[in-house]
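For clarity, chains are labelled A, B, C, D, E and F in written order, and residue numbers in each chain start from 1.
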Amino acid sequence: MENAKRHDGRTFDEKRQTRFTRHFTCYAEGSVLIEQGGTRVCCTASVLPGVPAWLKGQGRGWVTAEYGLLPRATGTRTEREAAKGRQSGRTQEIQRLIGRSLRAVVDLQKLGENTIKIDCDVLQADGGTRCASISGAYVALVDALRWMQQRGMVSDSPLKGAVSAISVGMSEGCPVLDLDYVEDSGSDTDMNVVMTETGRFVEIQGTAEGEPFSREDLNRLLDLAQKGNREIQQEQQKALAQP
Amino acid sequence: MENAKRHDGRTFDEKRQTRFTRHFTCYAEGSVLIEQGGTRVCCTASVLPGVPAWLKGQGRGWVTAEYGLLPRATGTRTEREAAKGRQSGRTQEIQRLIGRSLRAVVDLQKLGENTIKIDCDVLQADGGTRCASISGAYVALVDALRWMQQRGMVSDSPLKGAVSAISVGMSEGCPVLDLDYVEDSGSDTDMNVVMTETGRFVEIQGTAEGEPFSREDLNRLLDLAQKGNREIQQEQQKALAQP
Amino acid sequence: MENAKRHDGRTFDEKRQTRFTRHFTCYAEGSVLIEQGGTRVCCTASVLPGVPAWLKGQGRGWVTAEYGLLPRATGTRTEREAAKGRQSGRTQEIQRLIGRSLRAVVDLQKLGENTIKIDCDVLQADGGTRCASISGAYVALVDALRWMQQRGMVSDSPLKGAVSAISVGMSEGCPVLDLDYVEDSGSDTDMNVVMTETGRFVEIQGTAEGEPFSREDLNRLLDLAQKGNREIQQEQQKALAQP
Amino acid sequence: MENAKRHDGRTFDEKRQTRFTRHFTCYAEGSVLIEQGGTRVCCTASVLPGVPAWLKGQGRGWVTAEYGLLPRATGTRTEREAAKGRQSGRTQEIQRLIGRSLRAVVDLQKLGENTIKIDCDVLQADGGTRCASISGAYVALVDALRWMQQRGMVSDSPLKGAVSAISVGMSEGCPVLDLDYVEDSGSDTDMNVVMTETGRFVEIQGTAEGEPFSREDLNRLLDLAQKGNREIQQEQQKALAQP
Amino acid sequence: MENAKRHDGRTFDEKRQTRFTRHFTCYAEGSVLIEQGGTRVCCTASVLPGVPAWLKGQGRGWVTAEYGLLPRATGTRTEREAAKGRQSGRTQEIQRLIGRSLRAVVDLQKLGENTIKIDCDVLQADGGTRCASISGAYVALVDALRWMQQRGMVSDSPLKGAVSAISVGMSEGCPVLDLDYVEDSGSDTDMNVVMTETGRFVEIQGTAEGEPFSREDLNRLLDLAQKGNREIQQEQQKALAQP
Amino acid sequence: MENAKRHDGRTFDEKRQTRFTRHFTCYAEGSVLIEQGGTRVCCTASVLPGVPAWLKGQGRGWVTAEYGLLPRATGTRTEREAAKGRQSGRTQEIQRLIGRSLRAVVDLQKLGENTIKIDCDVLQADGGTRCASISGAYVALVDALRWMQQRGMVSDSPLKGAVSAISVGMSEGCPVLDLDYVEDSGSDTDMNVVMTETGRFVEIQGTAEGEPFSREDLNRLLDLAQKGNREIQQEQQKALAQP
């Protein structure tokens, strides 16, 4: 099988440049701008006292997420969900995914009865916004947990591991890593892979938009996703090593 | 690795009994009750003239789905979404999945400017309702397409293949097929696999609720899912062979 | 006055066949499928601890109802209320009627601070769904009250009597019993009569869609309704006599 | 059977004073304040070009109604429905009833493709607001139809008859006419009777809040309602006879 | 600069006649109909125990307002906000303004943990409804505070002063006082001025619909507004002097 | 009168530093980040074909605005309006103000039947967000109009002038320019002044949160606002002079 020729010159297994800007805004306990190529997402982690009603009195915490898109984050204006009065199915799907992905690396027991609320707001969307949201939110989450430790709100770090996400897909019959908007629009299969730093999966969501994919395709896509996630995780660690 | 001991005596690779009742209600062009163990879903396919605004004038059709749960389909009463005034994120996620899965086996060009609206309403929920909805909706869809052919609304069948879905998961460290509600609640990983009759995947959604899963786990789960889907597809064909 | 010729061969004072299937689904404390001719309604009674805020601390219970229609219960697809985000005026009118009708036969004092929530979901609609909902819900209610007694949640049965409902109407100038959809669409007057087993009325709702009706018409309609309700009540008792 | 002693000194068959103020506000084509004892309702009839989508192209008109309550029309403040974001079931039930009642006396064919929108807004509520709304709206409707005739919008009057409504009920075992708020709160049975000037019924809605009512009770209540409606209709005609 | 010729013969600095009808409805603790020319607003003040959640436990009270328009208060029918399911931006803007204006003259400390809820419902709108609402609501507020004092709910009067409002505007280049609907529609600048009886401002809202206004224009408008407010305040005091 | 001592060392008539970053995001026809001290707002101007229904067929265009706040733009997390399902009264008030302010400097006739949609999304809020939104949106608007001219969508520039806004207030009895969050929270009077480059006013909104303000106070505040707006307008022009 030949490898894909990509419109921006990348090789099939080359992800876009990832950049993390910590302390992007000044109020949130964790606030990170992640740039994945042309995709830019502002990820904040807010530490809130208490937990949802259904969790009360168990001594455990909660991590949950919300996702939004500025109206002109996209090529044509996307209607503002606050004005429409409801969040789309897509938005809800994404924010549930982000929440699950981060909960996978947090020991909720150690968090105590506190909630960490993640907000991922896309300033500019060039494909892969849900994966970038997860990768960026992880860094914001770590900053928020450090903030809690500094204040003695948690004794032991609730962090169980690192997590990142990247998209892969079949583009013109060939597997490629980290699709941008143009590639995503034309791809047959789109897969989002959320992985921990031990190489295990938190979530795999693969969808055939056009032609269904074979088990062999799946394996090649997973190889790429593992490579991409490992690279992002190195960059997360580098960003977090700075003061 | 040992195999799971299951609370209902099934072997790890044994799915629950599947039963299709076609013509379950009298008005819909396709109407099927699917029973997957204790899970019962009423699936109807309605043929509606015209297509959504964004598709108009292209000569192509559309297939879309809605999903609901009767309030007492569940062990404790689930609040009625019509009374709450909004569909939950879970509901929207499921109905988008059902729609994508069925579109994978329909040639929208051959459908003409018609919409097939799938409604999946769960009468009783014992795990795996989204997968049962897909498997049952496929049978209702075929009935609706036959109805169109009989009336000359389509000349050539728009059907490109068969599709079914089944859930698999890691239960106490062992992979099992077709989890019921009890198993699902206790499982570490839950995966829904939508497969065509050629053994290719339309959708794979794997989520680690507890421990992340390894690539080896994934492979064993996919083996089970392929087996289960093949069995369901045989039963779909048998049901559709009856007049 | 001549009697009506009915399109399905029934005499003017002949109701359609009524069938009750108890234990229709497995989770609800009471679960009954009622079939009234082609009309099929799933009625469940859920026992919930506590009462609405405005009733708290008075030692009394509450009975309330919700009503819904599967989208393809009808000849042409009815839009799903959960998707529209609001229940129609018709739905609210019906569910208030069902609630009032059942409260008429329950001693709320004896119920203690518990709520019985009735859900009536129409699987197939061929006229008379609100009356069938009441007649079916009564049987589900009795099963739920028996369930409470078996668990010692109530000492004395809160049941004060039996209740059923049936529709009558003027069709082409003649009074007829238990209109189906075709008759209902063409009728001048439609009346729903909710009656206890002592022959007293809980609710009478008569509406002239076309020609207003005279007091004499009213009397003839009430005669029919009393006959029909007595017949349904016999069938309710027969169904409840089974274990 | 003895007759009721009423808290305001009325005899059992005596209705409260009814007063109509035509041209109550200046913009609506018909605008009437009806006072029924302490109940005061502002009824307007607006002539709007066109009809709802489902009626288009049939050459027929439509009459429909909306109902509201000023927040302090009631003894304790009622939450504003516009602020809550939805109309209650009670409001929807009432506005549907008003619409049906007025359509009973309008020849929609003669109305042409026009809509008459009735708005009934309760300024002060002392029982019987839905009946007062109907009786007042009829006068506003006549004024609006006259306005149309003066402008040549209709050639022949679309009016087929007169209509009014009054409530009756069983209060401490005795039938009484035109219940005020105090009586209504304590009554066992509440019945709203909408009647044309020929003495025929457009709508009968009888509800047993407490004890179910017998057929004999019903007959006595209907006698009262007929008397009360005849009296209101005389007052409507008197009001409409003024220029 | 020449003065405006006004379509109703008023001089440029002449306001419309103001009339207050206290005890307009019977249930509210304060209930006032204000008429400002053709504009008529029913203003009620309801005394409610308790305060909003965010104020609890501070020993202070709250004053807040809601605003509505009967559908045919306007020349062409305005859609009912309860039916639309949301209050418009204009409505929310107005009710926030009314609340702020009245809070300016109430000592919330002396009010204790009570809420006064103002409802302003426009029966007829001929321009200046938000200003009339404030002027009328003040009178209703005073009546409600007197009611509280009579019952010993407050010892000392929480009233700090009087407040009224009036609109001014530039009409064809000339400043005019108290615009009616016709003038308002044609004006370049519209300004609402809320003033206490000491001549100080609670709120100034000036908007250039067409040509922006100069500082000199502003000064001339404020002169008019001060004159108009002084006149209204005399009429408020006269109305409140009656028993 | 002494001048205010300000917590950040500014003199009473000194505004915070204003910075404009044009082309902040890549898709919108105009996209500007405005920073006013710690307040940061992303302002985009989108060119959309067509106009709202009520403007159709008149050959004129429209300019309208929407406003939002990222949840952690604020010190404590603000609930996401899209999740709540409705925009607050404050949000609607602000977006209406932004729209009016920009329409004051656009010749809608020259715009043709096009809409310019302004989106102002606050990334970080440190007081004065509505004024910063207007000042930033003006720059985005100019970029969008230039984009239209380059494409020949408008022949003549629809721009009639420049516009900016700044807040002023009474802080501890002294007038100050450009309040930040700390000052705004403690101020008695808050005034937003929207001014064109000719020194005329588009909008003046002055609110006394505590003590009402005198006419003399008003004059001193307006002096400050005129100074501040002149300074911002110089910076707008400088930013727009760059390519």
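Please note the rule applied: a contact is a pair of C-beta atoms (placed from the backbone, for glycine too) under 8 Å apart; a residue touches a chain by one contact, two chains touch by 3 or more.
Note that the structure is predicted; figures quoted are calculated from it, not measured.
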item: Both-way neighbours, i.e. chains that touch chain B and touch chain A; value: none
item: Relative orientation of copies chain B and chain C, as a Cα rotation angle in degrees, nearest 5; value: 180
item: Centroid spacing, where centroids are CA-atom means, of chain A and chain E in whole angstrom; value: 51
item: Chain centre separation (chain C, chain D; CA means) in Å; value: 28
item: Chain D: positions in contact with at least two other chains; value: 85-86
item: Residues of chain A defined as touching chain F within the complex; value: 25-28, 31, 38, 40, 42, 44, 46, 48, 66, 68, 70-75, 77, 80-83, 85-87, 91, 117, 119, 121, 123-124
item: Chain C residues touching chain D - in the complex, by the definition given at the top; value: 86, 88-90, 92-93, 95-96, 100, 104, 191, 195-196, 198-209, 211-215, 218, 222, 226
